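So, here come the structures, one by one.
Common to both upcoming complexes is chain A, partnered first by chain B, then by chain C.
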Partner chain A sequence: MKRTMVAVLLAGAFALSARGGENRQDGFPNGGRLVYGEYGRPATLDPITSNDMVGLRVTELLFNGLVSFSPKNEVVADLAESWEVSPDNRIYTFKLRRDILWHGSSGAAGRRVTADDFVGTLDLIQHPRTLTPLKAPYELVADTRRVSEDTVAITLKRPIVNGLGRLSFKVVPTFALLNPDFFARDDPFSQRPVGTGPYRLREVTPEGDVVMDANQSYHRGRPHIDEVILKPFADRNVLTQSLLFNSTDMIVQLNARDIAQVEGDKRFNLYPYNALSYTFFGHNLLNPHLRKKEVRQAIAYAVNRQEMLDSFYEGRGTVISGPFAPGSWAYNLDVKPLSFDPVRAKELLARAGYSRSGADGYLLTEEGSPLEFTLKVPIEKENETIKRVVLAFQNYLRQVGVKVNLEFREWQAWQDDVFVNHDFDLMIAEWAFDDSADISTLFHSKETGAWRNNFISYSNPEVDGLIIEAKTTLDREKQRTINQKLHALLADDQPYTFLWTVTNYAAIHKKVRHVDIQPFKFFTFVDGWYIPTKEQAGSKD
Partner chain B sequence: MRFAPVTLACVLLLAERFASASEPDLAGARELFRQNRWAEAREAIASEMGSLSRVDRDQARFLLGLSHIREAELYRALSFLSADVGLAYMKELALSKERRALPWVPLFRGLYQLDAGRYEEAESALAEAALSKSLTADWRKLATARRDLARSLRGRRPSAVVEGEVAEGERIDLDVPDVEDASDPKKILRFFDPLRLETLERRAWKSALSELSPLAKEGQGMANKLGRFYAGYTLFFLGETAEAASLLASFDLRTLGPDYHARVRVIKAASSEPEDVAALWESTRNYPEAVLLFNELSPGEPIASALSERLKALPQSFGEPADETMVGRWGLAALSRGPLWLESKEVLVALSRYRNHANKNKIEWNDPLLLVALAAANYSNNDYPQALETLFELAKSFEGLRGLQWNLQGVYAARQKAAGDARIAN
Partner chain C sequence: MLRRIGTTVLQEAIRSGGLLLVVTFGMFALLSLAPGDPVSMYVNVQSLSPEEVEAVRHELGLDRSFPVRYGAWLSRIAQGDLGTSLRSGRPVAQDLWETGWRTLFLTGSAMVLTLLFSSVTAYLSATERHPSWASALTASGYALSGVPVYWLGYVVIYVATTRFNVFPVMSGTSTSGTLQWAMFLVPVFVLGLGNGTVSEVTRHLRGHLETVLTEDYIRTARAKGARLWRHLYKDGFVMPLSSLVASKTPYMLGGAVIVEQVFNWPGMGRLAWQAALDRDYPVLLGITLVAALVIRAGHMLKEATQVAVNPQLAS
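What follows is the complex of A and B.
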């Protein structure tokens, strides 16, 4: 069979790497410690069940995939050393590197990564009992086959845009799981993971610090920095203080209000990056009142988003109109954000059947009870800024006769309420996207189970149809048109009250050099970062 | 807090010279100008003009002229970026082999090449479009006219483009594309004539000239001197090199700073036999304003060819500009030399150093020229989201950016290779 040879021996080309297990050839010193602060702790440390950005970033330190991305966003080899694509663009055959060993001191330690691990990982993701947000993205895989110990063939159901990039999933040692067939969130592996990445887990301290050591036999060459520690914080203000008082060397996402202060501090560099993120209020459509489009639209009209952004974020962001960030290729520039118009909000509520008010001024439902919703806020969001946002939201809705009860929940409990039990009326959160602008898991009606991203139970046949078309077309211009159509439809339907995208900056101590940030996964190039020898003093206890 | 600058310095200089002027009348407009809200500054002046004294009117007129110059420079920068992005988008469309797009690609590729000053390539692409049976007679006619224009411009300065070519004065919705093929509602194709940005630039230069010319003729003291200088500067960008040099021929530079000296020398040299090129370059190379003028010279002219190698070393200067408010103008100088200048991460880092990070895309806090240069540097480094985000904010204050945004979105859509991941950010 004629095959098209596509790639590539670029695994380390962009990183000036050495062969696995050797020092890198870039002339920079090894040593030192990097402590980075995150807003909230990752619920799990494995790449299968992790569903948040904190988890995504830490798994980028601990795991690898077949392919990765260069600083110019080109797909490059990672654990694969080359690949071939069949002429019909359905079968991807990867030749694996033979020098990749699993981390750790347990049963996996020192075992070589083989084709079986990739077959096992994809089987795991697709197993009905594995609860993972990766299920939908990898439904496109029809078959995964071990060709030999070092060769794996992945067959797609149909050719897709970015086939190679979409096969960049992280591989796990399935033999190290309690049950190698599926992945339960309570599997000890999710807290004691074993990977192949530039760093390997040493321990999770009682305070929740995730301590990682450089992988001495890393295939792109030993990472320069000896030790990386993730330090979780529940309050953004404290997070910034930790940087200013030298408890941390880096904050992944600096509080927008603190940018000016850190900018003025000569010890730090600021690195802008665009994770294509936005903040929103999600409406649970299992609630009969929120199922009415007029009510959702009324909420959007009732809220003065620009005023909130100006007051609570000092204007450091942009109000958005729909389900994409303004930096995305899918953002529909013809759709303008809904204006602040409480009169229109009241009209819409009246049209939806809420025109009678009770003695307390709140609108009444048909049953005579107040029109009220519970807004669930993760406790990590319990900082001054977000408190002001939700209090303002509560007040705006009071002005149009809608009662909002605030309920702050610990992060894990909030995730259970939102992602598992769908026990909320309104919730506030932020989405971040990679370059693909793929919103299918957020709004397709089939994505509504536990730990799936359509936790609001949104269902719109027209949206479903467009999502499927966008996913299946190989035509990128068509994909753009469809996504922009989706933007317009969802802006009208308001399953979320789309709020804003805020300025993303990482703040990093100047002692850390050669910093290159991948906007979505952040740590993709961390193995090339270094700390000059003279500035490593004090890095180690 | 950093505000843009060079021209602000002129405004302040003028204000100082006219200390007796009734300050409060113009203070609001000057503040708006300082915040780069040029159109609002003009509106504020328009409402005051009738009640101003002669001296204040001269100041107001000067401020109006400078606000138009700043806007012209901004559209010039956007036009440079637009040409690069437009050509990249045409390339992606050609690769896609989309049947409906193919007839339009040679035409718009030619238009963007014309915009980029690549006249020979433009002539060839437009000649192909002029013969295309897939285009309507109107579009073939336009292709023919632009082909002739490209032919006539060979060897001439890029800024001499489109005199008489663009219908001016008519206000249109600049967000509406020139071509929209929605025959397949699932795949809408849009094309924007790049001449829109150039038209906006030329309108701004002409508006500047109409405000500054009276000052150059009848203004008093410093108003006359600065009016004359900037009228000459404006004429140079309108392609009237000889007239510009003539206006500046007997110009008394004694009370003005060295950057004025540098610019006058370049303008004079451009219109006549060059003086010692090496000496000219050495005496002017540290002034971005002068370098901008060098960039205007045709590649065929002796000065330009002699200086091209030296210009290539310029990005190194970003790190240590003599005056940090000049960074945006260095950015424009780099932009006008082509995208290769901005591919270097070092240039991006150097430009970023002068951004107000807390308000990173706000014109009130950043020189708009710097923002365009940053967007271009992000684009050249494949960081499309940052570039789009910056343009999104600029488009709130300046019209005519939609074509650039559309094309950049198209390039990004075609080149992105991501996996399809979405995560909750806690």
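What follows is the complex of A and C.
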């Protein structure tokens, strides 16, 4: 008989902190203002339609979910006080805090957050007419039910690993919407949201500045800093200048080439944080030459990845060996990155049948034409570092006799080429993962259609099998073993040239103290940040 | 007379209406031909099935054919509704209103600066009174016209921050520093002198002035000792300037897109850039409409001015 086990988790450190509406007991002063610069304006300010990083970060300031994440990315209580999981791991029953109030403005003013709001929010996300990036992740929810005013039960379609972490959606007051059943961007709520978060929206200025005030009745205690302002910039270089010129106090993600300059400036602290992401060159396996494993391996051997990382990112990152981010539990540390070995690369190319060179020094194919590939590069967010990387890549491959033609494409056009038409030989991109380290859509042979993530048309029955096995097990340790096997297999097969994961740096003025950053949800701990009273004046004039 | 004005206005209106139709249709066609669509702004396309993606496109009205969508857009425009932005959900009219006057201010001031600089240079070199000043100004005009406007923008920001300790970028809420209010002059300066038309405008004006200066009535004026300016300004300046304003307005609007990016100027150029990246066609069409109207208005202003100066042109 299956053992009946009911997991009851009591809320951790957060529930122990100050009660709603009171000052915090940490002895730090209140007051001051934090102005942070972002690259681009948020499209919307609500957590349902937000789909850009800038917008998502604002929603962390304005909203909360049932659960949240610790600095180490463990699930901790937020608006839920405690929870129970049914024996079959499908029903999650949350007991809600009773002291959560909606931000005091408009119709929602001071109303208490109840189970109905959570049911309403999930219904909203799942409504067919609501266009939201949350649709796919929340397809796993079969049913949301109000048990009592302070208890909500969420039933999943099937048990999954880390189901709790997947239920961290942010709650919205559905009664304050134009239409309580579904949510469209033209609902005024998307520009004037009402939430429960540490900060509440005061106004969006005509210049696009988002001005927010401390939520005096925040359930984790009043945030120390009085005012937080998001200032959008249209140019990355100017964004850094704004920091150096005291026009802003913080940049969430510093431009790689500006890191050294800001580091040398005594007014700022740099806070490194690692997102679960990595950069890679994808090889289109529909190309007959790239279908040969030796060619793919040769490309990896021909490229000095450490040198590129050192010169273009000042070494602030890690060269990787396989399909997971090194910060992830799924990463296999036993698999070492392929070394820089152009001689080996040439051998491998010769073994694959490319040993004759033409007059221009490039290797020849059987048909007598040079061995050449088109690398499609997205021009996204005027990222100059990527330009240097692809130019260096082109050079490295020239050394081993492979010709690379660079094609820079506008972002949407690039997406069409890569994701829809699969019209490329090589491409460069970055993957960002959540904690589930799910690579099934990247390498499973069923995921090769238009807009699917396996745009390189990779197909390996052994990999397919392991992916399915990893997906269906509920045991984290077993999953880890499978993922490590997958890692070793893919590192050998090189469907991608795995490059590196780069450390992000937030630059924050020294006057801001007690800064904790959650690598994936940047502002999770912003309520604990403070500015010493003496230094508050400077930011006020 | 009134009747003739009436017919002229009617003709102009018909012509402008036709022009707007052609321009917006062209814009619509371009956007439909361009790769990519706005769906990825709303959902993570990769994690949805093709049917689900199609449902999203249906909800956004993107599944209809190009002529149907254009027709729908036109019929809404006829009712005075510019639609809502696909990106932010805000009414396009509101976005245009909030950003439009800033861009008008930027480009208008920049235009005045261009004309002022060119007029002074042209006058000095045509009258040959201060040859050294004239050649210095002409040379700097050529140099400025050869410099790309975005580069000039960066250089100005660099010099301002490192040498003069000011940060000439628009900021809405915090005003640090005493001279911050005057910072709007910097982008005006950059766009006014760096838009690439200064040398051309100067040359045009100088050529025109030189011709006028050889006219008999100027010689007569000189002979009787009258002040030259009074006889010169209508033919020598007002006429060519009005046609220059009309012909250079599109350049100014184009330059504004870049200058607004660099100086964080929250105007229509920035809106246009973002909308182009997002394939946000209601916004792009709204901007196209406004830009075409402004250019058309510039042209009509030119016609009116020239008729006012020289009534013979009307017949």
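Everything below uses one rule, namely that the second predicted complex is superposed on the first by the 302 of 541 C-alpha atoms of A that agree within 3 Å, B and C clash if a C-alpha of one lies under 4 Å from a C-alpha of the other, contacts with A are read in each partner's own complex, and residues count from 1 in each chain.
FYI, contacts are C-beta pairs under 8 Å (C-beta built on N, C-alpha and C of every residue); 3 or more make two chains touch, one makes a residue touch a chain.
Because the structure is predicted, anything quoted here is derived from the model rather than measured.
In the superposition on chain A, A:W411 makes contact with both chain B and chain C. In the overlay built on the shared chain, the residue A:R129 is in contact with chain C alone; chain B does not reach it.
Of the two partner chains, chain B is the only one that A:E477 touches; chain C does not reach it. Shared-chain residue A:A184: touches chain C; no touch with chain B. In the superposition on chain A, A:N51 contacts both chain B and chain C. Counting the residues of chain A touched by each of chain B and chain C gives the higher count for B. In the superposed pair of complexes, A:N453 makes contact with chain B and with chain C alike. In the overlay built on the shared chain, the residue A:I229 is in contact with chain C alone; chain B does not reach it. Once chain A of one complex is fitted onto chain A of the other, the partner contacts of A:Y39 are limited to chain B, with no touch recorded for chain C.
With both structures placed on the common chain, the touch criterion links A:D341 to neither chain B nor chain C.
In the superposition on chain A, the residues of chain A touched by chain B in one structure and by chain C in the other are 40, 51, 133, 137, 411, 441, 453. Across the complex, chain C meets chain A through its residues 34-37, 40-48, 50, 52-53, 55-56, 59-60, 84, 86-91, 98, 154, 157, 161, 167, 169-174, 176, 260-264, 266, 270, 273-274, 277, 279.
Per the touch definition, chain A reaches chain C in the complex via residues 35, 40-41, 43-44, 49, 51, 128-129, 131-133, 135-137, 184-187, 190-191, 205-209, 211, 229, 231-235, 237-238, 241-242, 244-247, 410-413, 415-417, 419, 441, 449-453, 539, 541. Contact residues of chain A toward chain B in the complex are 39-40, 51-56, 69, 72-75, 133, 137, 162, 164-169, 253, 256, 259-260, 263, 270, 272-277, 314-316, 318, 325-331, 333-334, 378, 380-381, 411, 429-442, 453, 469, 475-482, 485, 501, 503, 505, 519-520. Interface residues of chain B, counted against chain A in their complex, comprise 93, 96, 98, 101, 175, 184-189, 352, 357-360, 362, 381-386, 388-389, 392-393, 395, 402, 405-406, 409-410, 412-426.
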